[in-house]
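Just so it is clear, A, B, C, D and E label the chains in written order, and each chain counts residues from 1 on its own.
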Amino acid sequence: MQVWRVVDDLVCTRRVPGMSSASLRVLKGQKGEISVATDPVGVPPGKWVFTAAGTAARMAMPDRTVVTDLTICGIIDGWEEE
Amino acid sequence: MQVWRVVDDLVCTRRVPGMSSASLRVLKGQKGEISVATDPVGVPPGKWVFTAAGTAARMAMPDRTVVTDLTICGIIDGWEEE
Amino acid sequence: MQVWRVVDDLVCTRRVPGMSSASLRVLKGQKGEISVATDPVGVPPGKWVFTAAGTAARMAMPDRTVVTDLTICGIIDGWEEE
Amino acid sequence: MQVWRVVDDLVCTRRVPGMSSASLRVLKGQKGEISVATDPVGVPPGKWVFTAAGTAARMAMPDRTVVTDLTICGIIDGWEEE
Amino acid sequence: MQVWRVVDDLVCTRRVPGMSSASLRVLKGQKGEISVATDPVGVPPGKWVFTAAGTAARMAMPDRTVVTDLTICGIIDGWEEE
């Protein structure tokens, strides 16, 4: 599972039907790369989180039929930027 | 889910039967890498989008039997190139 | 789906039983990386192609039980090296 | 399967329900990249391990319904840092 | 499918039950990266091989319940280091 910092909410008014009710967050990785994840936890910007990819991303959602390949699984306590 | 800019349509006259009816787009990533995705949204060139990979790529298609490993899931509002 | 140029056939006399009847091609990616894919299309060396990975690689084969994680899905028309 | 060194336990008080009982470890890869894995073996910090990703990560857990995409599968004997 | 050179056997006395009977090899990739794969072919060190990842890694094993995400699928004839 990868480690990211939550940067912001993703604003996206036009999307496929399968993900219409999911909260989306913009994440920044350890090398500055940007990704987008579904968020069942409710994480505010600035927090460090870890994510599950692939099938596990859907298992981590309350509704497992949501179209996602990356989901925030937890907030990391006391993580320092490296 | 990854973030890309739509560059162009993909012109491909010879393809496997399983993807014959899908619209294909050429995408450019944050580091200039090129990829190809199926597009159920109908995105014009120049827009920033995010994609789902793997099984989620097929879940995002109206017809889930289409052969794809990357599908455009939504258009991002107000994205600035980084 | 990734973009590659077909370099050559792969010569491999000793392989696992699950892939014994599949045609294999050596591919070169945009950064010079080398990979191997199954080819249900019949692509000659020098052509640019795109591939599907994972489960989609098996869905793209006429026989879906072939052991593969990368399959050529189509020949790209008029692609220029970038 | 990838090779990592175990750095520490992951402290995470707020996480999704699907992974609540799993032990989590922080791993450092060969290029210094950081990742998080579930640990059914019980590995102390400093040891070199290898991991399985994707569906295999869940198959390696005693409880296969745990939400994970990376699981420690074994401790490597006598591994030298490269 | 990726291309690797077999470096050595992996010595690992403590591992998860799901992979207890599988032969493990240490592989070195084109950029010097190290990985670990299950080996149903029986490949001696020094040979160039190609591997299948993900579900295909398990399909390539005689026993498909073995916990693995990377399996050697064949020995490449006459491969030159690039």
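Everything that follows uses one rule, which is that contacts are C-beta pairs under 8 Å (C-beta built on N, C-alpha and C of every residue); 3 or more make two chains touch, one makes a residue touch a chain.
Everything numeric in this text was worked out from a predicted model, so none of it was measured.
The centroid of the Cα atoms in subunit B and the matching centroid in subunit C are 20 Å apart. Our note on geometry: subunit A versus subunit E, Cα centroid distance of 32 Å, whole angstroms. Of all residues in subunit B, those touching 2 or more other chains are 54-55, 57, listed in ascending order. The touch graph of the protein chains shown is a ring with every node of degree two. Beginning with subunit A and heading toward subunit D, the contact ring passes through the chains as A, D, E, C, B. Per the touch definition, subunit D reaches subunit A in the complex via residues 10-16, 18-19, 33-37, 54-55, 57-58, 65, 67-70. Residue ranges of subunit D in contact with subunit E, taken from their complex: 1-3, 30, 40-41, 50, 52-57, 59-60, 71, 73-78, 82.
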